[in-house]
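To start, the structure itself, in structure tokens.
Naming follows writing order (A, B, C and D), and every chain is counted from residue 1.
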Amino acid sequence: MILVQEQDFDLQHEYETLRQDGPGIGAIVTFVGLMRDFNDGDNVKSLFLEHYAGMTEKVLANIVNQAKERWQLQAVRIIHRVGELHPSDQIVFVGVSSAHRGDAFAACEFIMDFLKTRAPFWKREQTDQGSRWVDARSSDTDAAQRWNKN
Amino acid sequence: MILVQEQDFDLQHEYETLRQDGPGIGAIVTFVGLMRDFNDGDNVKSLFLEHYAGMTEKVLANIVNQAKERWQLQAVRIIHRVGELHPSDQIVFVGVSSAHRGDAFAACEFIMDFLKTRAPFWKREQTDQGSRWVDARSSDTDAAQRWNKN
Amino acid sequence: MLKLLFFARLREDLNCHEETLPLPDGIATVGELRDHLCQRGDNWQKALHSTGLFVAVEQQVVDWETPLSGSEEVAFFPPVTGG
Amino acid sequence: MLKLLFFARLREDLNCHEETLPLPDGIATVGELRDHLCQRGDNWQKALHSTGLFVAVEQQVVDWETPLSGSEEVAFFPPVTGG
């Protein structure tokens, strides 16, 4: 299940849905990305998230398929918010269920690393110094490239 | 915060507590271990979790301290249940908050890998064939040993 | 007709989110389309040669050698920063 | 007095969870204590030499060379299986 939406999400609801898949699940790993109030040394007052509707969902589905080929997974749920956000707001949710914890951890992190570097979202942030587009980070590229080594 | 308890726990409550630490948090990773209804090819009807009260808490605190030395973490919460459990029951919760997702993922998995191999808990399971102590897995030992390489 | 899309910083720098365009004469690849658009002026030249620029055809990231038939959706965008 | 604790399979095999014991004469290490306890019979010999056996002194896992003064909590247990 992949959702791109303006409205907020509820971790408990996502978790309960993953858990309902049955008594073969041994591990559920969830990631929530939250908006921080600082970036590159400046206070950030708000964030606007733009995306490429249509392509975003395709890229995320492709990342999930890659994860499912690579690890033994029961279910994957992704929610990414767009539009205007404020500090402490939830931005993104990734939840993975599996029989085994190693698979759940790896797949959840893999999905986030590729979401960060492949999914067409862009952040524009409002700081005390004005508005600016957020720059991509080489640390995110490095994180995604790690997965090629294995 | 480390708790060893018979009663169930609530993911949402743990998550909200982690999130309350403030707008410097960018990532929250949670792990929940659930009881599966099979093990080593047999149906498992129930599980009894025994532990070494006192030592358990010390070992978990030590694992958390190691994680905090190794990664930049905001907060860590661990709950492990003891006593009688049934399929689909929640067994263990580990939640980690950090400014950075890489640190949160690594610390959460590190804590689980060492909890599995160092914390004095023992599972006795009731199957259709009777009652038996669960054997330790070499895959868990391998998972913990991975962390020495870096 | 080609459907061109521009996102984020590119959309702002070019003051254009979407336009439709018949495949120009002599243009057979994505790279040639970029060169053609760059002739529109300095802001186009600069934006379409910005660091890490991506191009997607039919919502899939491709390289500059990718051929165009004239009825695709072609999107230009900077490195992504979601998550 | 030593406080001895046995957990899980060991507790069952020895039919003993906890006992107190003065430090026996000539016993100076955890390993010597184990050898001493093994003299109690075959079930002790077998249980205290089972695969992967852990021993903890004052709730900390130690090796068999660890010295004992006679007032410690000493726990024997099989490989852990929580989580």
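Structural remarks
In this section, contacts are C-beta pairs under 8 Å (C-beta built on N, C-alpha and C of every residue); 3 or more make two chains touch, one makes a residue touch a chain.
All of these numbers come straight from a predicted model, not from anything done at the bench.
Listed by label, the chains that touch chain A and also chain D are B. If you average the CA atoms of chain A and of chain C, the two centres end up 26 Å from each other.
The mean-CA centres of chain A and chain B are about 23 angstrom from one another, to the nearest whole unit. Mean C-alpha position of chain B lies 49 Å from that of chain C.
Residues of chain A in contact with two or more other chains: 33, 101, 112. Looking at chain D, residues 83 sit in touch with two or more other chains. Chain pairs that touch, as defined above: A-B, A-C, B-D. The touching residues of chain A, counted against chain C in their complex, run 33, 49-52, 54-55, 58, 80, 91-92, 112, 115-124, 133-136, 140.
Against chain B, in their complex, chain D makes its touches with residues 5, 7-9, 52, 54, 56, 59-61, 75, 77-83. Contact residues of chain A toward chain B in the complex are 10-12, 15, 19, 22-38, 87-88, 99, 101-102, 104-105, 108-109, 112, 139, 143.
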